[in-house]
Each structure stands twice: as structure tokens, then as C-alpha cells.
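Next come two complexes, and both contain chain A; in the first it sits with chain B, in the second with chain C.
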Partner chain A sequence: MPEMSSSIATTPVFQRITTILDEKFGIPREDVTPDTVLDDIELDSLALIEVGLALQKQLGAQVRTEDLSGSATVADLYELVNTAVGGS
Partner chain B sequence: MARRSVARGAVAVTGIGLVTPAGIGTAENWRRVLSGVPAAARDPELAGLPVDIACRVPGFDPAALLGRSQAWRLDRVSQLALVAADEALADAGLDPTAWDGARVGVVLGNALGGTASYEAAHDAVRDEGPGGVSALVMVNWPINMISGYLATRFRAGGPNLVVATACASGVTAVGTARYLLRSGVCDVVLAGASEAPLSRTPMAAYHRMGALSTRTDDPAAASRPFDADRNGFVAAEAAGVLVLEREADARARGARAHALVTGYGASADGHHPSAPDPTGAGVERALRAALSDADLAPGDIDHVNAHGTSTKLNDLMESQLVERVLTGRPSVTSTKGVTGHALGAAGAIEVAYAALTVENGLVPPTANLDKPDPDIGVDVVAGAPRPQRIGAATSHSFGFGGQNAVLVLESAGSR
Partner chain C sequence: MTAAVVEGIGGWLPPRVVTNDELAARLDTSDEWIRTRTGIGARHVVSDGMTTSDLAVRAGANALKSAGTDSADMVILATTTPDRPCPATAPEVAHQLGLAGCPAFDVAAVCTGFLYALAAASGLIGTGAAGRVLVIGAEAFSTLVHPEDRSSAAVFGDGAGALLLRAGDEEEPGALGPVVLGSDGALSDLITVRAGGTEERTGVRPMEAQDRWFSMRGREVFGHAVTRMTQAALSAVDQAGWRPAEVDRLVGHQANLRILHAVAEQLDLPHDRLVVHLDQVGNTAAASIPLALDHAHATGRLRPGDRVALTAFGGGATWGATTLTWPSPAAV
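The block that comes next holds the complex of A and B.
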């Protein structure tokens, strides 16, 4: 898993996620790695809907963050977004 | 006096936090209201409305004051309250990480809720459809959320509520908090109010009903309580939070009391949705009830922090009330000349100013009182602060809906 995590960290989609989290949600980039648990950066279920809405507005694709569990990581969020924008 | 205050369970104001158009922080607020320099200005966010003047909190940066997370999660109405509460607790010397939160209550006043959150949601539904609506609207728009956020931040697990009596809400909150302390339900109550009304919908609506001053060409002169040329109020955002404790408890822990809250009275006009009853019968009931609660005679009141909104009807009715009931010819001030009218929060910040007035023996002047209304015969302080030794003062708040609330404050040192 570490290999996969480090490999996604450099992708444009991951960068897009960290940029939105930093600029719109006040979560500094340096606090966000693929293994970061969403709860640990105070992204509860309501906040995740906001994140999904912001990503949706930027990417033009529907991101259903409602399906993420409390223990989900940023990598899980990345997978959702990546699927939504038609990535592999 | 001492025996009476203790026996009747006086409540001490041991902490004050203020976030108002007069500044962020109690010291800055006190300097500004003593200066008599009005805060009203043209407001870029209200551009294009018939009335585009208002009183905003200067330099309010929620990310810097509360952290970046709270800056996007919370409506401004809760942000203002949290910053005020932080200051009030520090002033009281209380540490929320160390207290028994089950004994700590929160009672705040508010009139309009999270107006910016509501407006953003409305716009999103209209422009983007229901899928564009923030999931946080229902934890920001409803008025109860303000005290809920204080409970979360300070681990305050006792009774928690927001009271709504329009522009009397702040005084109603302090009066209600006093009940919780006197009944023994709580040991500490964070009491006060917050309002963030400077959104386009409420501002357009207040203008439509004729409540706002239309002196848009000269904003600084627009809020002029008791002046002959007053023509309406200037809306303001603000929060004021007090830490209240039973006087005996405060004394036992060596806390400094700014003042004591010794009486509370409330009433309804039952007259009209927005206009005060010109006979003043309703407000007189509230005032007499507060005096009775404090066990004071009408002539014992030395000072009044008036509702003094700068509307034609209120200021005349209120001055007649003071002349008719308070026979000791008290000094009168309306700090709204400086701050504007913070609606549901007005009562809270004015109780704080009244406490500081009693504590410091200095009455802030009523700004813009250039030409006193000849029909107003009370002793309104204007021009400069007036030194005065004050044993007892009242703070008045009257709301749309005919809801009235009056508090009596007494000097902590005069007993």
C-alpha cells in the first residue's frame, strides 16, 4: 500500500484534492497524505459533502462522498474522484 | 444593601467579551463608546440597496481568530459569538478544560439566525438546483446552533438554548441565565447574544418596513438617538457574551465582578407587530417588574442604558417611560449612536456597556445628539463621557412583536 499511496500523491487529481482542501477547507497541504484518515483532519460526514460539492464544481463530475466511511483515507477519496473523472 | 444582594441571590458578571462595530475586545469597545465616534459606514456588500449603510465589526478575521476550519464551517453569527465567549471566559479566569461542564449553561439571544447561510442556500437552489445546497446550512441557519457551538467549544454540558425576543433577545438571555443560576441548575452560565444581519434580504426587508435610517449620504450621522433629526436605526452585527455566576460563588473563588445583575423584568405590549405601544404600558410593566425583582424603588436608579434605537417612535416612548417611572432623574445614554442597532445582540452588548459604566463610574456619551428633540426631557449624556458614581442602573431592550426586557445592574463595590 505505501507504494500505491506514494504513487498517487504526485498525480494531478491528488494535487487537485489537496489544493481544494487547503484553499477552501483550511487544511494545510503538508497535513494531507494518501494515508491521512479523513476524520483526523476533521472531515466529518457533513464536511465531506461540502468537499464533494467543491470537487464537483471544479471537476464537473459528480463525487459521492456520502459513501465514504468515517475511517476512510484521502486515498479512498482520491479513488472516488478518480473514478468520477473517468480515470483508471 | 449587602444583606439584600446576597439574600436575593445576586448574580455577578465576572467576564465580558465583546465583538462589535466598536471593536474586537472589551477594552477597545470601551474606548470607542467613550469616544462617541460612530461606526456606521457605507457597506460594499449592500451596494445597490436603497439603504447601503451599516455597522460591521472592523477587521473581523474568523480564520485568524478561530482557525481556518471554523472559518468555513460556521456562519458569521456563530463566529462572532465564539470570539466573544473566548474573551469572556479569559476575563473571568475560567478554564473550560478544567470545569465540570455539566454545571455550565449557555443562554444566547438572536433574532435572525445565520442569514448569510440562508441566503447562500437560497441562491444555490435557484441557480444550481437542490444539489448545489451546502450540507452545512441546517447547522448554521437555525438560531439554536449558536449556543450549540459554544457548548462544543467549551464543553458546556448544562442547559443550552437560544432565546428569541427580537431586539430584546440579549436582555432576555441574561435574565433567563439568572434564573438558571438562582434556581441552582447551573453554577456558571455563558449569557449574551449574537447577530449577523448584514445580508441583502434582511436589510432590504428592514428598509421596506421603514425601520432603517435613510441618511445614506452621511452614514456617520445616521444613528442619532434622541436627536430631533433621527429617522431610523442603522443595522449592526455584533456579539456580546457575559460570564455569570452567583455572587457568593464568584466571591468564594476570588473572582472580580464587573457588576451585579440584581433584577430582571419582561413583558409584552400586545399592541402591534412592530410599533411600540405609545402609552408605554408594556415597557412600564417590564421596568417595574425589574425594579421589584431587584427590591429597588424607582428613585434608586442612577443611570439608564437606553434601547434608544434612533427611531422616532422608540426614543420618544422610551424617554417618556424614563421620565414617568424613574423619579431619580437618571443619566441616560444610548450607545447605539456609536454601534448602530445590533438587533438581537443589542441587549447583550448594552448590558456589558452598562456593567462597565457602573464599574468605571463613567457614562459614555450618546453620539450625534446635536439637536435634542424638544419632546424628549430626560437627561441624555452627550458630547463627552460623564463621570458619575452609579449604585444602580437599568438596561432596556424592546423588540418587534412588542417583547420587552429590562435588567437592573448594581455596583459590585457599593454593597
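The block that comes next holds the complex of A and C.
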């Protein structure tokens, strides 16, 4: 759903995700959209947990790391984190 | 209150080194894959006929020598790989060190074993039950790993490290702070060797051939390890009356470089505060913290007066942390 994806892209939580991917894994912000498949940016299974831990620290979001491995796209990751920080 | 104070330190690694390239020659892996995922470049492994007690005796002897003494009135051995299921290995180690007659017992908390052993030693010194305790972490962990398990073979190594603790004052350099410990048995399947215990002997569940070998659910361990090592370190640092930023050296259980980095980031500590030894020896389970301390002390990464935090997570699940201001024991 393009509308939903583009609305996600402007949120602070999404911006936070792209910042972590850029700073920690060298993945340029412009390469990451909500529809980006995590496998395509060669984010390995540990990296997903590292992103989750960094988000937990920055946002105070209690994301269960075992739930993160179910994320296929950046939007999936966003939904997990956004729910955890009390977003709709 | 009487405190346990570090008086001596020693380590010992079996001479045989297995490089990543050697592993890659027989398993579907590569130096690049192992380094990227774990930070490990090589590990030491026992040769045929070499047991955990052999490693423990050498490390223990080095710790005694470092303190310039040949006496201790208690030996505590943290290990996941005792020489036999029964009896404990510590009495044999004490005997071989010329300490026969003193109390000696094993502690089993896998990679947190050394912290649990330090807590036991610290408590026994605090109550006056012991005046000088030799605390050893020793593992022949490679013997638990299936030769074709490429993940575990890349990670684990063998070795032993030891601290000699004596009764002293809590304000002295080398005095251990409160030891924070915890466990969660709901996670017992995360890091395990299923066979060999009463579950097998009484038929609680059917065992298969691979159940006699070590298994670990690495991704889940990663998240729990970072969270628990961070929380335990924060608690220990707080109880020591320090702020996290005042930690000069963080000596985490040497499981994986990415775990150590993540813990440092959670604590807002720069990576250069970490003591890293796993690049040379891999994950040596209960031996990893004393071996990392010994190496850092010998190479000048730890200096007298440094505020040091130790933190670990291991099978059980278990976790623990403590603090000390680094003293100036002789390097052996």
C-alpha cells in the first residue's frame, strides 16, 4: 500500500530506523524505504537484533528480540517498534 | 565488612591453535564469515588426553605464583566440562596443586560460572569461613562441540584462568564489589547439552545421537545476553557507587564481539573501554573472564587503579556482574 508506506517514511520512528541502519551498518538512508526487504540490504539475523536493541535504548521500546526475526521488510520492523512505543 | 581482594592472577591456554582458515578447510565456513559474525580469529583447543583439571591446575599454579604464595584454604572451580560427571573436579585440582585437605568444589553456571564462583568466594571470605580462595574458571569446551557443527566449532575454545582472592578491606585496590547474580530456568533449552544427566538416565525424554553434543540458539542468546549483561553491569556499577561513564574497562564474557559492542552501546561506553580477547581465544565459557583479565593485565590494557566492571551471560540462563578497582598483582 503506497499511501501507508509513504506515511510511515516521514515518522520519527522510521527516521530513527534509517539513521541506525546508516550509522551502524553503512546502509545509505536513500536506499531504505518502508518496502525495503531486509534480506536485500544484507542485514543478517544478528543485525536485526542489534537494530532492535539500539531502538529499545533510544526509544524506550520494549521489543522482544525473538519477535524481530519475523520481520521481512523495514515496514514490518517499524510496526513492531511503533506498537512497542505506544503508537497506533 | 571483610572484602575479597585480588592477590594473584594466572591463565593458561593449551598450545594447539585452530585458526579460522583451518576450520574453513574442513567445514563450510570462511575466515571472513567467522570474523564478521563473531570477531573471532583463532581458538586454542586441548590435545588428546588433556583434561579440564590439567588446564585448571596450570592456571591455578600461575595465580598462586603471581601472588608469591603456595597456599590457599579453598578452591572453587567454575566449569561446564568437569573431568567426570562425578565427582567434582576441584578436589583433584586442589590435590595436584598441593592443597589437598582444603575445601574444594565445582560451580556450574556455564559462561557465568566465574561470576558465580567469585560470589561464592566473596561470601565465604566475608563470613570468615575462608581467608584465601583460589577461584578458577577452566573449560575443555571443544570436547562438547560436534566436529561438524560449524557454528559452535567457530565460536568455542579451551583454556583456564584464575584469581587468588584474600581477605582484606573493601577500600583496597582489588576488592570485589557486590556480585550481582540472576537466572531464568525457563530459558534452559537456549544453551544446552541434553544428554548425560537424569533426563536421559530416567527416560524423561527420548535422546538422539546429537543430544550428547552442545547446542545453542544463537540469535535468541544474542538478545538475552545483551539485555542481561547490560542490566547486571548497571546494577553492579550502581552498587559500587560509580556512574556507568566512570568504568575504565568493561570485561564482558567473551562470547561474541558484536555482543560486547552492543553492551557497550547500551551502557553509553565507547568501544575502546572494552577488553577484547576473543579474537585470539574464542569463547572459553567460564574461563573467558579470568583469561581476558590475565591477558589485559599482561599487555597493559588493564592498569592499576582502573575501574573495572565484569559482566557475563550464560546457559541456564544465568547472568552476573561485579566491579573492582584493578590492583597490581605480578604478571606470570
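Following the convention adopted for this analysis, the second predicted complex is superposed on the first by the 83 of 88 C-alpha atoms of A that agree within 3 Å, B and C clash if a C-alpha of one lies under 4 Å from a C-alpha of the other, contacts with A are read in each partner's own complex, and residues count from 1 in each chain.
Definition applied: a contact is a pair of C-beta atoms (placed from the backbone, for glycine too) under 8 Å apart; a residue touches a chain by one contact, two chains touch by 3 or more.
Because the structure is a prediction, the values reported are computed rather than measured.
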**Report entry** Comparison of chain B and chain C by chain A residues contacted
**Finding:** C
Query raised in the report: In the superposed arrangement, which partner chain does A:69 touch: chain B (first), chain C (second), both, or neither?
Result: second
Query raised in the report: Looking at the overlay, does A:42 come into contact with chain B only (first), chain C only (second), both, or neither?
Result: first
Report task. Using the superposition on chain A described above, determine whether A:25 touches chain B (first), chain C (second), both, or neither. Result -> first
Requested in this report: State whether A:53 touches chain B only (first), chain C only (second), both chains, or neither.
Outcome: both
Requested in this report: Could you pull out which residues of chain A sit against chain B in one structure and against chain C in the other?
Outcome: 46, 49-50, 53
**Report entry** Residues of chain A touching chain B in the complex
**Finding:** 24-27, 42, 46-47, 49-50, 53
Query raised in the report: Of all residues in chain B, which touch chain A in the complex?
Result: 63, 67-69, 71-73, 131-132, 134-136, 139
Report summary line: Within their complex, chain C touches chain A through residues 37, 218-220, 222-224, 226-227, 258, 262, 265-266
Query raised in the report: Given the complex with chain C, which residues does chain A contribute to the contact?
Result: 44-46, 49-50, 52-54, 57, 64-66, 68-69
